[in-house]
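Chain lettering (A, B, C and D) follows the sequence in which the chains are written, and residue indices restart at 1 in each chain.
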Amino acid sequence: MHTLNEEKVFKDPVHNYIHVQHSTIWRLINTMEFQRLRRIRQLGTSYLTFHGAEHSRFSHSLGVYEITRRIISQFERSGYTDWPNSEKLLALCAALLHDLGHGPFSHSIEEAFHMDHEEWTRRIILGDTEVNAILTEVSVDFPAKVASVIAKDYVNPIVVNLVSSPLDADRMDYLLRDAYYTGVNYGTIDIDRILRMLRPYQGRIVVKESGMHAVEDYLMSRYQMYWQVYFHPVTRSSEIILRQIFRRAKELYQDHYSFNFMIEPLPGLFEDRLSVQDYLKLDEALIQTAFSQWATDKDPVLSELCCRFMHRRLYKYVEVESVDLEMIDEIRREFKRVGLNPEYDLEIDFPTDLPYDVFRPGDESSQKQILLLDREERLREISEVSDIVRSISGIHRGKYHLYYPGSKLKDVISSLPDSISHIFKR
Amino acid sequence: MHTLNEEKVFKDPVHNYIHVQHSTIWRLINTMEFQRLRRIRQLGTSYLTFHGAEHSRFSHSLGVYEITRRIISQFERSGYTDWPNSEKLLALCAALLHDLGHGPFSHSIEEAFHMDHEEWTRRIILGDTEVNAILTEVSVDFPAKVASVIAKDYVNPIVVNLVSSPLDADRMDYLLRDAYYTGVNYGTIDIDRILRMLRPYQGRIVVKESGMHAVEDYLMSRYQMYWQVYFHPVTRSSEIILRQIFRRAKELYQDHYSFNFMIEPLPGLFEDRLSVQDYLKLDEALIQTAFSQWATDKDPVLSELCCRFMHRRLYKYVEVESVDLEMIDEIRREFKRVGLNPEYDLEIDFPTDLPYDVFRPGDESSQKQILLLDREERLREISEVSDIVRSISGIHRGKYHLYYPGSKLKDVISSLPDSISHIFKR
Amino acid sequence: MHTLNEEKVFKDPVHNYIHVQHSTIWRLINTMEFQRLRRIRQLGTSYLTFHGAEHSRFSHSLGVYEITRRIISQFERSGYTDWPNSEKLLALCAALLHDLGHGPFSHSIEEAFHMDHEEWTRRIILGDTEVNAILTEVSVDFPAKVASVIAKDYVNPIVVNLVSSPLDADRMDYLLRDAYYTGVNYGTIDIDRILRMLRPYQGRIVVKESGMHAVEDYLMSRYQMYWQVYFHPVTRSSEIILRQIFRRAKELYQDHYSFNFMIEPLPGLFEDRLSVQDYLKLDEALIQTAFSQWATDKDPVLSELCCRFMHRRLYKYVEVESVDLEMIDEIRREFKRVGLNPEYDLEIDFPTDLPYDVFRPGDESSQKQILLLDREERLREISEVSDIVRSISGIHRGKYHLYYPGSKLKDVISSLPDSISHIFKR
Amino acid sequence: MHTLNEEKVFKDPVHNYIHVQHSTIWRLINTMEFQRLRRIRQLGTSYLTFHGAEHSRFSHSLGVYEITRRIISQFERSGYTDWPNSEKLLALCAALLHDLGHGPFSHSIEEAFHMDHEEWTRRIILGDTEVNAILTEVSVDFPAKVASVIAKDYVNPIVVNLVSSPLDADRMDYLLRDAYYTGVNYGTIDIDRILRMLRPYQGRIVVKESGMHAVEDYLMSRYQMYWQVYFHPVTRSSEIILRQIFRRAKELYQDHYSFNFMIEPLPGLFEDRLSVQDYLKLDEALIQTAFSQWATDKDPVLSELCCRFMHRRLYKYVEVESVDLEMIDEIRREFKRVGLNPEYDLEIDFPTDLPYDVFRPGDESSQKQILLLDREERLREISEVSDIVRSISGIHRGKYHLYYPGSKLKDVISSLPDSISHIFKR
C-alpha cells in the first residue's frame, strides 16, 4: 500500500475535511467510474421537495470513506487487538466504492427495470474498468475481496460489519449529509461521540454501553429523517411520475414506436442488455436530456409525463386510512368512464420503514443488530436495554396515499359519483 | 396583488425558510422557465474543486427573493417613508427573476459564444413564456418594468438600487450560499445585522453609520471568497477546458463535420440563431450529455477534451509572475515543434477582481457605491470612512497562470529547451 | 405603551438578535432586579459536568421574551382574531419576568430551605422594587396582572397558555440555549417551524396538524436533554453536596455556632425571615464567597463539603436497580461502624421525569396538553395522533444511584462486610 | 508520563470534545488552582455588552490545551523530525496552565493594582500548590520548565513558539470561543485548515505557503474581533467603573476608612502583600460580593460606583477626534464648578491595537512573526507576501472617547459653557 507523499484533502461541508493518505484511494477517486457519481444525485428526486438537496453520490461516497477512516483510526489509536489492521485498505476501498453501481434516480429506475445497484457495483468492480485496474494493482484477488465486502459475504465478518450494519458509516454519512443539504435539523447526530463508542469485539463492531444514549439519538434521528424527508409525499409523487415515464417509454419502445429522441444506451436499457460500458453512460444528465426532448414528443402520455417531471407539475395526493381493492377498482372504472386514464392517472402508495428492526432471527440478523458491550463484557442487543428503542421499534407507521393529476381530475370531478369525488375533495 | 390564503414556505439551508405570500411569486416559481434553473449550477464548474458546490441557480434565486423580501419588510416595519411600497411586488419579481437567462456553465458559454445572460433574461421575461403571462396579469406593462429593473434603467432608481448594488440581495445570498455549499467559512456574514442597517434615503439604499463594521466584514468576506473559491486555479482549469470544448465543437460544426451526437438546440447555438424556446432547452443536462457522447467521437481533440471534462482530467498549471508575448510565442513554437498542439495545449489566465471599486466616477458609479448615513444625516462613501475598505480597495491581486495537459507535456518535456522546460518543472 | 424611537437589539448566540420595541421592556431589563439574574446560572451546578454551561438566567429570560415576541408577531401577521392583541405587553412582561424570583443554585436551595421561586417572583413584582414601579406606570393593576399570568391564574387563559404550556417559550428557549452552551446537540429543534405552526384557537394556543412532526421532534429532544444533561449523575452529585452544605450550615447556625464568615442575608435565610430586599442580595457570587470562606472553617463537616464543592471533589456514585429500606439501614449502620458519617457520607437519588405527561385529568391538565388542530377544525391531544409520543410517554425511566465520598470509602472498604462492599466495588 | 487507562473527554461547544490522555493533565485539571479559573470570566466585563459572554478562563484553558494537543498530534502523524517529541507533556502543561494566574476582571484589576498575571502564574506553579505537587512528580525541575515556557524564556525555543506566537493555540481558542459565546460571527476561522498548515521547522513553528489565505482570514477575524468585541465602548465603560471602584476603595482603605464589608484577602490586595494562598481566594464571586455589599456603604462615591457596576448603570460616552490637555483641563475645571467630581465623572480612553505587528526588530520580534515556508524551503514573513496583511498592518485605528455619568451631567449641562456642553450634546 503506497502512502501519498503528502496527505490530500477535500473540503467537505459535513466533515470539514476528507483526508486521503493512500495513493490507491486517491487514484480510485480519479477514475471515470467514480467521477460519474457526480452525475447521480444522492437523494434522487428529493430536490423537487427540498430544493437544497442537490448533492451527489460522489459527495456521499467520500463521506462514507472518511467516516470509515476515522473509525479505523480510532481503533488503531485505542490499540484494540480485535481489529485486523491488515484489512484497513480493503475496508476503505469498500466504503468508498459501495455506491458505485447506483444508476440515475436509483430507486425509481430499479423498480421500473428490475435492476439492482449492488449487482452493478459488483460488475463495475470486477469488469474491465479503471477501478478494477487500480484495485488489481494491490493484488490480483483484491477486486473480488472488495466486491465481497460490499456483497456482505467476505470471509472476515468484522470488515463486513464495519461497512454494513445498522450503525455503519453509510447511514451515518447520509443522515448528516441529507440533513445538511435539505436544511432540516432532524439528522444532526453527535457522530464524534458515536465513533468514540464503537469498538471491535469478537469479530464484530459493538458499542460501549456508555454510548447507548448517543445511539438512541441516532435511531430517533433516522426515524425522523425517514418520515420527514425520505418518505415525503411530494417526493413520492415525483418518483411515481418518474416510474410512469419509464413504464410508458418501455411500452412504446416494445411497440417499435419512433421516439423524437433515442440514443444509446437507452435501447439497451429497454431491452435489458446493458454492458458495463453502457451502464456507465447512464447518468441523470442523460435521463433529463431524454425527458426534456420527450416533453415535445408526439405521444401525449409520454410528453405530458415528461413535462410534469421537468417543470415540476407533480401529482396531487390524498391520504386515506386504508385501501381496499374493490374501492380501487371502482375508482379506476369511474376514472375511465369520465375520460381519465386509470393506468396513469391513479397511483396508490404505501411507504413503510422500521427505524430499527429488532426481532429478525438467524444469521442475517446478527449483522443487523446493534450490540452494547457493558463493563462486565456482556453483549446485549440495544432494544433489550433501551426503552426508547423498544418503543419506536414497534411502530408501524405510514398511511396510504392516492396520487392523481390535480387539474385533470378537477375538470371532471363533478361527473364522478359522490362516493368517489369526496375522497379527492379534501 | 393577490395574497395567498396561506403563506407558503420552502425549507432552505441558508435562510431556514423562504416565505412566499403573493400568488404571483408562487406562480412564477412554478413556471417551466424558473424550474429550468434547477438544471443550471450556481457556481458552474466549481463542483470539480469543491465537491459540495452542487447547488443550482434555482436555490440561489429563491434566496435572493427572500433577502429582498426581508429588506422590504424591515423598511415597512420601520415606517421609512422613502421606500415606495407600491413597488414592492416589482422589486420581489425582479429579485426572483434576475438570473432567469443564465445558460449552462454560464461564464464559459458566454465567453465562448459571446452571449449575454442579462439579454436572455430580458427576452424570456418579454417573450412568449409562462413567466411573461403571469407578469402580464399584474398589468400590461409589468413585464417591461421587471425587465427594466433588472436592466438597471427603471425610472425609479431606488428599486434598481435595492436589486443591484454592491450590497444587494444577490451578492449577500451568493456569499452565504456558496460558503455553505463549498464548506468554506469565509462567507459567513452577519446578514441580519446588515439588513437592519439598510435604509431607503433620498432615492437610494444607504447604510446607517453604525453598520460600518458589518459592511467591512462583508467586503472582506467577499474578497476572501473571490480568491479562495471563485478564482480557484483548479476551477479556472475546468473552465478553460469547457471553453476549448465549445471552441472545438464550433470549429468542427462550421467545417460541416459529422458529430456522433448533435441535437437541437446545439446547431442553433453554433449558428447563433437561438430562439427563446431553443434557449430554454439549453441546460447543463444537455451539455453534459453532449460531452458524454462526444467523449467517444472520432475527432481526437474533441474527444480528449470531453473526456477531460467528464472524468475530471484537468489541466495542470504553473504560476508565473509576469507574461510577455515573446515568451508565449516561443513556448507555442516549441510546443508545436515537439508535437503538442499550441492552440489547445497552452492557455494563459489572469484572474482579477477588486473587492470594492471605489473611484469610478459618473452616474453609473453612484449605483456602485456604498454610502453611509451618519447621525447628522450626512452621506459618505464607505472608503472615506473605513481604513480597511480603503486598504483592500487598492489591492490589485492575481497572478498569471499557464495551463497545460500534464502528462502530455511530461512525455515531451525533455525535448524542450531548458528555458521553457524549467517553467513547467516546478 | 410607549414605543422606543429606535428598536434596541441584544446580540444573542441562540436567537441571533433579541429585539426590544417597547420602552417598558427596555426599562425592565435595566432594573437592578432583572440585572441580578446575571448572577444566577441557568443550569445551577451543571457547569461542573458541562464546563460550557456557564450561562445565566438573564440570557435565558431575554430568550423567553424574544420567542414570545416572535409568536405574537406571527399571530399578528397571520391576522388570527382569537389572539387578544391588547394583552401583548402583558404577555411580553410575564415572559421576561417569569424567572425573576430564582435564587442561587435554585433547585438545591429551594429543596434545602423549602423556598419557592414562583412565590418570590410574585413578591418581587408586587413589592417595593424598580420592576414594580415600571409596571405600575402602565397601569395600577398591571403588576398584579403580570404576577397573575406567571402564577397561571390570570383571567384570560390564552395569555397564561402562551407563557406556560408544554410548548411554551420558556421550554423552547431552554432546550435551545442549554444545548448551545453545553455543546450537546440533542436540543436542536426547528423552532421557526414550531412557531409557524402555533395558532390561537378558542382561548388557547394549539398546533396545526401539519406541525405534528416538529412537535414530536421537540418532545424527543426534551426527553434526551433530560437524561443527558439535566439528570446527569455528576450534576446530581454536585447538587447533593450543595444541599448538604446548606443543611450543615443551618444545623450549625441553629446551634449558635460561630462561623468564620457570616453576613446578611445569610442569617435571614437560616431563620426563614428574608425580606424582598434581603432576597435580592442572594446571588451565586455571595453563596460561592461564603463557601470559599467556609472551606477553611473549623467545623470539619462544613469545611470538607465546601472544599468538595469549590474544588469539584464530587461524590462518586453507583447505580443500583432497586433500593430497599432494610438495605439502606444496614449500609448506614455499617458505615457508622467503620467511622463514616451516614448522615453525610451516603445519599440515595432517584431522578424521574416524563417527557410529556398525557393522562392527567381535570382543569390543570388542559393547560398541560398539546392539542393539534386538523383541517376540519377538530382538536386532538397529540398522543392520540402520534405513535412516537404515545410510546415515549409511557416510559418511566431512571435508576437509583447511591452517592458517597470515594476516597473516604476506599480507606475503609475492606472493613465492610462483603454484602455491602460489593455494591461499591464496581 | 502515565497514560490514562481510558481517554477522558470533556464535551466542549467549540472543539466538540477535549481529549485527555495523560494522567498528569487529568490531575492538573482537578486541582483547586485550576478549578478556580471557573470563577474568572474569560472576557471580564464583556458580558455587560454581550450577555452571552459568560464563559470562564477554565473553558478557555481547556481549549488552548486541546488545540496544542491537536497541533502536536498532527506533527507526530506527519513525522516531522524538527519537533522534539520529548517536550510534548511540557508543551501541553504550559498550554493548560498559561492563564493560571489571572485575577478577577483581570485587565482592570491589574491596571488598578499594578499586578501582573504572568508573574502570578509563575508563583502559583512554583509555590506550595497542588499544581506544583503534580508537576514535581514528573520531575523535580518540571515546574520550573513549565513556568519557563510560559515566561517565554525556555531553553528550547520551539516549545515557546508553539505556546506563544501570533498564531498560537491561545489566540486561536479565544477567537473561536469569544465568537461562539458572544454570538458574533467575526471570529469563525478555519482552524482545521490552519492546524494542517503548521509545521515545525528549524526551531520554530512556521506556516506552509499554501496556508497563506487561511492565515489572512485569521488575522482579519482577529482585527474585527478587536474592534467589535474587545474594544467595544460599552465594555470600556464598565472597565472604567471597575477601575474607579478599585481606586476609591484603595483610597478609603489607606485613609483607614471603616467599610461595611471587608474580608481577607481584600486588605492584602490594598496593601500589596498578597501571598499565593491569598491570591487564590481572589475570584469574581468575592469581588462581586464586596461590590454588592459596598453598594449600600455610606461613602457616596463608593456606593454609587458599586451600584453602577452591579446594576449596569454604565457611563455614557462621546467620541472625539482628538484630545488636548488644555481642553481636558478646562472640562475638569468646569465640571468642578458645577458640582461634578472631575476625579470620577470624566475619563478619557484611547483604545489601540495593531492586528499584526510587523516591523518590530530584534530577537523578541522573531517570536512575533508569522513565517511562511514555500516549496523551495524559503522562509518569508507573511506581510512580505500578503497584500492584505500589509494593508491592515498599517492601520492605526481608534478614537478617543470621553466617559461620564449621563444623568448627572444632564442635570447641570445648562450651566456649562457652550464650548463644553456641545461636546456632550450629540
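The criterion applied here is as follows: a residue touches a chain if its C-beta (ideal position, glycine included) is under 8 Å from a C-beta of that chain, and two chains touch if they have at least 3 such contacts.
Since we're looking at a predicted model, the values are computed, not measured.
**Q** Among A-D, A-C or B-D, which chain pair copies the contacts of B-C, with over half of them the same by residue number?
**A** Repeated interface of B-C: A-D.
**Q** Using the touch rule from the top, work out which pair, A-D or A-B, shares more C-beta pairs.
**A** The comparison resolves to A-B.
**Q** Taking the mean of the C-alpha atoms as each chain's centre, how many Å separate subunit A from subunit C?
**A** For subunit A versus subunit C, the centre distance works out to 43 Å.
**Q** Give, as an integer number of Å, the spacing between the C-alpha centres of subunit B and subunit A.
**A** About 32 Å separates the centre of subunit A from that of subunit B.
**Q** Determine the centre-to-centre distance between subunit A and subunit D, using the mean Cα coordinates as centres, and give it in whole Å.
**A** Roughly 51 Å, centre to centre.
**Q** Quick one: which residues in subunit C touch 2 or more of the other chains?
**A** Expected reply: 16, 184.
**Q** In the complex, go through subunit D and note every residue touching subunit A.
**A** So the residues of subunit D in touch with subunit A come to 7, 9, 16-17, 78, 192-193, 196.
**Q** Going by the contact rule at the top, pick out the subunit C residues touching subunit A in the complex.
**A** 184-186, 188-190, 213, 216-217, 220, 223-224, 227-228, 375, 387-388, 391-392, 394-395, 397, 426
**Q** State the interface residues of subunit D toward subunit C in the complex, per the touch definition above.
**A** Touch residues, subunit D against subunit C: 10-14, 16, 30-32, 35, 38-39, 47, 50-52, 54-56, 58-59, 62, 180-184, 261, 263, 281, 283-286, 288-289, 292-293, 307, 310-313.
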